[in-house]
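The chains carry the letters A, B and C, assigned in the order they are written, with residues numbered from 1 in each.
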């Protein structure tokens, strides 16, 4: 019973799967953040540095401080860049650069009018798309079209702190803009971003309820796995020229870790930062029990699929146990956010033989 | 040498279109393209409303036009002019029609400076990127000059050393991109050359440089003509060859670096604009440099407008379009050269 | 240092032939030693932590043991490919320099690598189904197109090309091809870092499949190179002299370019555009063994193989423990050399 409660608490905190318990200042579930918000420490900017921003108490403090603004008619929101943005009233014309922000906005009951979908309507997975209303594409996430955004006459813009830093000034001239983290960061940061989105939209109650429901869903999914299942796993992305094994702090890895599995890509080559090119020898030396991998653009062939033909790869535990699973790049790597994590978890559990 | 050949290529003045007519015609064409460009942004702005917004009227399109589209159009003029003139001076000093700021390593130096900020210090203010690019370009010039200097600097040595400096810059950039790949997309877009996301602050950034340096270059126009006659002849005529070479190159490099600081490493404009200008107006700098400026502006306007208009909301970097125009132009040169 | 002493000795009329033989023997021995040492060292680096001794032991051991399989399937192809790519790029450089009669002509400078690389990127991003021989053929096609473009622009058809003109033309065409490559990278938004890794050039993820792909082309190219050795020797005497001696100059030039693109194009198709090998190696070797192509070609091949193998060793330490493409090391090595070369060329030509 206690274990289940701890697990539920842990799901919003993600660090549990990797062995570092969500400690005192480490984090709390969405439900109890209202209490913690009263003791919020001053917000500070999260810096993407040269790679991933990991769950750290400063960013948590950011989200908690913003929660204190819930319900106010003019909310002062501190975003990832450290800027304090005033958002008035109830925005209903929202433009989101990342699909993960679109996911979170729609969870709060405000589907966006403009989304950065890389000019590809199929980018957004159906589980999220069904909740969206017809929207205008604002172009690439890395370089969204400022004029199109302007023409949508939004009252709130949610930009990506890492990718859109050069156009923040222009966006702020159009509408209040908050820059949040989605890419180059982990599961927990994405949940924090969801919280910030909820506050900005003045839909705190809906967002908290959605996140609580999310925690329940994740707990149910996790229950489909054997509670003693702590197998090691990796997630990799591959194209014809390169394979990158994601390290233990990246989004997909942290989601699967929250189910109880152990991320094998840790230490040595796999420190902070984005995934870098990995050789077959490194992968074989890691010898994880389970391999999840996706091919870029969901191509049929990639470097990793050619590795599967090699006797060295076939000597791996994962191969012998038939635990090398091919998954979808969009869901596991491109979407991020709240809903995608549920889909990833569900797919992982059913592949691993759970219910 | 090459410049002399190009001027000699037209011994009889074939009812040459008079320069003022050419200039006026280009200005008119550029204005027309600018007006059209105002409405091309991926958001279907009605033309008249966009023009009104550009001139200060407050309507539904004001923010978009004044923050995003108008600055880009103005930048096309400024960057195009800077690159055209810069390329013209460099081609004159190196006496080779294939020389340009990108070829002798200035653009690469600017790219290294920008890449350093983008990749290694991504948390730094976005305003540092243009500063880094500017510093990088000028630094590359001093490295070039230092390496090419041996009791003075000859055009051939400048050209070859320039290619080597560009190669150094290239190697450094590759190293940076491999070592710190997190913001690789941003760095690559910068290096291809693009006016994406440039706003009023960028216009303010480059305007003073162009306003001061363009007249400064024209001041040296006659001296550049003399330089084009060959070092010995020029010295014989009393020209201080080394000094003039250094000063004019420095002016050209600062212009190119300023352009790179706002637009990234745009290729081919600094190569094509002076080329075309010289064919139209002959080899005298006072005649063809202003023409090169306008042709550069035209190229940038066309490239940027096409970039915005081909596949909205996708914003194709202007540098790619100039490369796509430059390629066929050089194939055309190839065909002509075989004769 | 040593090179200067050797050249001084070589300029003395009487014993120059004998000295050259000695020098060549020394260079060959040194090259072989470096190659073998580099290969063994390279074999000894890897995530599974086998030292060179353990590697050799594993190779000798039963084929079913994991160590043997790791070494044989992963490490050996990598070392082999490094040597092959180094050899082919170096020889491509020798042929190109002989053909264009221009010491600055090298596959990367003349746009050959850029053309092949563009095809390689297109093969990853657009035509993902293209593989094996088709890809190599396409790469060679791209390389050939680029080479003829550059030589055409620089006007090499009209006699000697000044080094400056060829370099500038090469840089221009390379810039254009690079822009096209970047267009493909930018529109292929995800995974740019991975493709870029390949674009810098390296043998980091080599497999036996790669060896099978490049081997026939490398062999054909080398054979062609050796057949061209004597014509290139004649061509080096000057175009008019060569014609006077009965050499079909234009045909030799075209064959030379074709040989270069065959060698360089196949190398790039498999390992990406590894920079500067075709520039550094022929120059240094020429300083040491003279300009007789019959000797220059094989020795350059050997030294190129040694260089890239050693570069592959060095590249592991650039940002240990992450993989760095081999091309980064050759680029960092090559650029000071290129500067030196450019300056000396400028000195020599007016």
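Remarks
Definition applied: a contact is a pair of C-beta atoms (placed from the backbone, for glycine too) under 8 Å apart; a residue touches a chain by one contact, two chains touch by 3 or more.
Since the model is a prediction, treat every value here as computed from it, not as a measurement.
Chain contacts in this assembly form a complete graph, since each chain touches every other chain. By number of C-beta pairs in contact, B-C leads over the other of A-B and B-C. The mean-CA centres of chain A and chain C are about 44 angstrom from one another, to the nearest whole unit.
Look at where the CA atoms of chain A average out and do the same for chain B: the two points lie 42 Å apart.
If each chain is reduced to the centroid of its CA atoms, chain B and chain C end up 34 Å from each other.
Each of the following residues of chain A touches two or more other chains: 140, 142, 274, 276. For chain C, residues touching at least two other chains, in rising order: 189, 193, 197.
Along chain B, residues 181, 185, 189 each make contact with two or more other chains. Interface residues of chain C facing chain B in the complex, by the touch rule stated above, are 104, 109, 149, 152-153, 155, 157, 162-165, 167-169, 171-173, 175-176, 179-180, 182-183, 185-186, 189, 192-193, 196-197, 200, 275, 318-319, 324-325, 327-328, 331-332, 334-335, 338-339, 341-343, 345-347, 349-350.
Interface residues of chain A facing chain B in the complex, by the touch rule stated above, are 47-51, 119, 137-140, 142-148, 150-151, 153, 162-163, 165-170, 173-174, 184, 273-274, 276. Interface of chain B with chain A (complex): residues 41-45, 60-61, 63-64, 67-69, 119-120, 122-123, 126, 129, 180-183, 185-186, 189, 196-197, 199, 201, 308, 311-315. By the touch criterion given at the top, residues 96, 98-99, 102-103, 147-148, 150, 154, 156-157, 159-161, 163-168, 170-171, 174-175, 177-179, 181, 184-185, 188-189, 191-192, 267-268, 271, 316-317, 319-320, 323-324, 326-327, 330-331, 333-334, 337-338 of chain B touch chain C in their complex. Contact residues on chain C toward chain A in their complex (touch as defined above): 46-49, 66, 69-70, 73-75, 123-124, 128-129, 131, 188-191, 193-195, 197-198, 204-205, 207, 209, 272, 321-323.
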